[in-house]
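Each of the next two complexes has chain A plus one other chain: chain B in the first, chain C in the second.
Our next item is the complex of A and B:
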């Protein structure tokens, strides 16, 4: 935990003590699902703008022809519980069955299918809470299932439904939106990005004489794509990378064009086409500059 | 412009680039002129002071920052330069009168007479400056300026409302559109990219995100097609028409649509469509099976399939041939009309057709050296670096611009002499 996280954690404990017992959320659909109320603009406010018809259209669009297959996957489950033991959420919540992987798909997509896609906005909010805040898409449950049922893939479909409907926790939705509009995860404009590269080259010379941050160097050995946060909040990473490349004698470059951010947060909400735009954008830059290799920050 | 090129002199050694290395702290963006007579670079004669070095001679002005060096067809250098906290454009040895907080995306018209650049003003708004005339309107953000074929108009993707930090509702207000000559389209969208002008310079098409965050279409002059898709790549206009073609994703796969109607078979992926100069043939990169790439022409894929990558298809001027570069088993290959040239390379640049379309030449790397490759044959001379070859108007000669033994040389050879 960094110091800010610790501070936040302590503040929360103090707040909770002051408030006494926390307000509880009980799912109107599954009374055994009881959680703390956690206000979030992305879940609470977006949902108010939805209609049942709109939700039905989006669910059909996402799962459409796969409905029978998905239904049979859910029905094939033998409740053996092996997947539950693989899930950190289940284990770390006293084996509460509402955290079990299979419960997560039954309570969300299973219910959508059962109700013939006619679900209300509150139900979407419930689904978003389950798939975004109680599952890390780690895929362990799918690996443990003796029948090979891919639970995570179903959870991801529910995430996609929620994303198209715009019901996603605020931070995650914000990152999805910046990838869509700026092709990076930090809302960094083309001019701010380039300006930062010039600035970092100038700063870098005080630590390594004549440091250079090459931009659009055709035929370079390596094209480096930073993570979005580097030119935004971790700017010194840029000159550090340049220093390493200079000392190692590597012929490298950065690109002046979108897509320069190697992160792909769109993956976490299953925004398929933005995921493709990002990957294609990285390769188009490599093709245009005829570099030999791509290096990404991670 | 070609008539200005000296096609008679076989060989000229223009500058000793190795000797520049001792003179300057660094040498950036080494770039030859179109006629091959000049070689220029952004050089750093003293710490954090930059200027242009052309054929060994330094320009007088020193700048704090410089990038995006290129030559126009008049063989004048053009570069973005920054001094006294202002960016401007240097053309030859003259600077634009207007200066800006930031300039990027230096773009030339096909005849290179017009210069367009994205700009950021001191008020932190963005737009475009065309030939030293800034747009009257600026926007919260502007990106990816494009210039019309006649060089008289510009378009840029723009953000029309101020963003509010972490306000996730803002996105749904549709804050992005295309501005043409500084005027934003009446319609705005969730996002836009890939704007392009029609061949008569009068119309602009762009990818737009329409009703929700998974719905895309193509807008022409701000009006979206009446069809929507789960994905669209950058559109193109058919030369001489107002017809717009774009790759689109449908439940059956990727294909091409013209003015919204499907016109091609379906593939796993389709992108980079190109129309022949006469507007009659259509080529695009297609993915017939996952992890395999090729080119399809008029919907029919080539028989040769490549397992790593394929570059954009390039039509000959008469539209009869298509050439491209493919990467297969870690080697770069040259492919012309579905025939693979015998040699493979470590790197290869876009093929260049002769004006008559009967010859193809390009630069390629083999064993760390660079060669001109023409009509399937590798040239005799190994260079340390090369730029794209240029054919003479009658197609009989090739202008080669390269670095050999640390010197920049310009050669004019026939295909047999290469």
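Our next item is the complex of A and C:
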């Protein structure tokens, strides 16, 4: 397809999809911010229990000492627009300025500092929507900023404020809490995890002779950590990795202890304590098994 | 940095992304690609932010794909300038926002259509979710494929490893 055909094709799809009047969400602080309403328990219900004093205390605790530094970052920005052109949200939504990376930090942290941390719960809901569902922390905007301002670091600070207040989209919060409880993201207990590995080894023998999934083999060359969802819903990844290892003749192993999951949902909502527990667990597994290398899943 | 905070002076082991590891297997000849099985359909790749922009494994990833595919076409922009799949940063978990995510990544749909590829290789679980959202929302005529899927379907399986008939 050439440029024009692509443009026509995508315009037709969006016309089909956008038919009919839909309810719109307009931010009480920024009338330019108009979005579709997406019901999300984690955002809608938790804000009703918050108070202004609570919010002020949390924001002070997270950014209190760095306020001047953060303010200087926001004020250094020249509004050159290089970050906006780097953001796929901005380009894809008809260049709507409320999607620009610098708008995201000015509308959230900039506004908090401007109002001297006195903001109402509805504003926190708005912030959570901006930082959790409209930014991927992909670092593309920071890469193009001529002043080298780290926009993503500020987005992460706002995420931390929202996390401490408990205003996080329900599915993200659920996965982060699973990490707190089980150190994997899918509520999978240790028995089920080990059973899955044994089951895949049994099945794999019919496809490749001598296919093994070694567990807790000390001194192996490679220690492989799967993603939490793999033993639960995507066992074919375990099969395929075992096949590649069997064909390549690599001495590999998997761990039987906790923290076998290489994903880190707590990192995305900036729960520092659990983040550290996960990485420490992964490193300690590798140290205990005296492996030479860790390979993570895709 | 993280190693020092956790009490290690230096890590006693290396941490590798799968693309780097598969590259090493191919370069050292431990894994061989069967020329007859190489994928003939046009193929493109979504560069995962953590593997490309942070770990810098863009060329290694391309080596693996070019070894296993006959017609590899890069997106534009590519490598560390590629756009995010729109599921990074924890958005992959938000299945109730998938239309919002799909609509918010029109630029990726354009990128994929411009290459004319039939398969998008997604060497990351988050990218896989994100590209699936884009494909579903914009009704693109492409399918996704993981890197391990690519290798398993094209590698040479030695005779002695094949199971006996019957």
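The criterion applied here is as follows: the second predicted complex is superposed on the first by the 278 of 298 C-alpha atoms of A that agree within 3 Å, B and C clash if a C-alpha of one lies under 4 Å from a C-alpha of the other, contacts with A are read in each partner's own complex, and residues count from 1 in each chain.
Quick note on the criterion: contacts are C-beta pairs under 8 Å (C-beta built on N, C-alpha and C of every residue); 3 or more make two chains touch, one makes a residue touch a chain.
Since we're looking at a predicted model, the values are computed, not measured.
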First (chain B), second (chain C), both or neither touched by A:292: both
Contacts of A:52 with chain B and chain C, given as first, second, both or neither: neither
Touching partner for A:92 - first (chain B), second (chain C), both, neither: second
Chain B versus chain C as contact partner of A:67, first or second or both or neither: neither
Touched partner set for A:280, first chain B, second chain C, both or neither: both
Touched partner set for A:135, first chain B, second chain C, both or neither: second
Which superposed partner A:256 touches (first chain B, second chain C, both, neither): first
Partner chain(s) touched by A:210 [first = chain B, second = chain C, both, neither]: both
Comparing the two partners chain B and chain C, which touches a greater set of residues in chain A: C
Contact residues of chain A, present in both the chain B and the chain C interface: 171, 174, 205, 210, 276, 280, 283, 287, 292
Residue ranges of chain A touching chain C (in the complex, touch as defined): 1, 3, 6, 9-10, 13-14, 17, 36, 38-40, 88-89, 91-93, 99, 132-140, 143, 169, 171-172, 174-175, 205-210, 222-223, 227, 229, 237, 240-241, 243-244, 246-250, 263, 265, 268-269, 276, 279-280, 283, 286-287, 291-298
Touch list for chain B against partner chain A, complex: 25-26, 28, 44, 47-48, 65, 67-68, 82, 102, 104-105, 118, 120, 126, 141, 143-144, 159, 163, 166, 168-169, 171-172, 175-176, 190-191, 209, 212-214, 216, 230-231, 249, 251, 271, 309, 311, 346-347, 349, 365, 385
Chain C to chain A touching residues, read off their complex: 2-3, 5-6, 8, 11-18, 21-22, 25, 30-31, 49, 53-54, 80-81, 83-91, 93-97, 99-101, 103-110, 113-114, 116, 123-125, 137-139, 146-149, 151-152, 155-158, 160-164
Contact set on chain A toward chain B in their complex: 41-42, 45-46, 58, 61, 64, 160, 163-166, 170-171, 173-174, 176-177, 180-181, 187, 189-191, 194-195, 198, 202, 205, 210, 212, 214-216, 219, 256, 258, 271-273, 276, 280, 283, 287, 290, 292
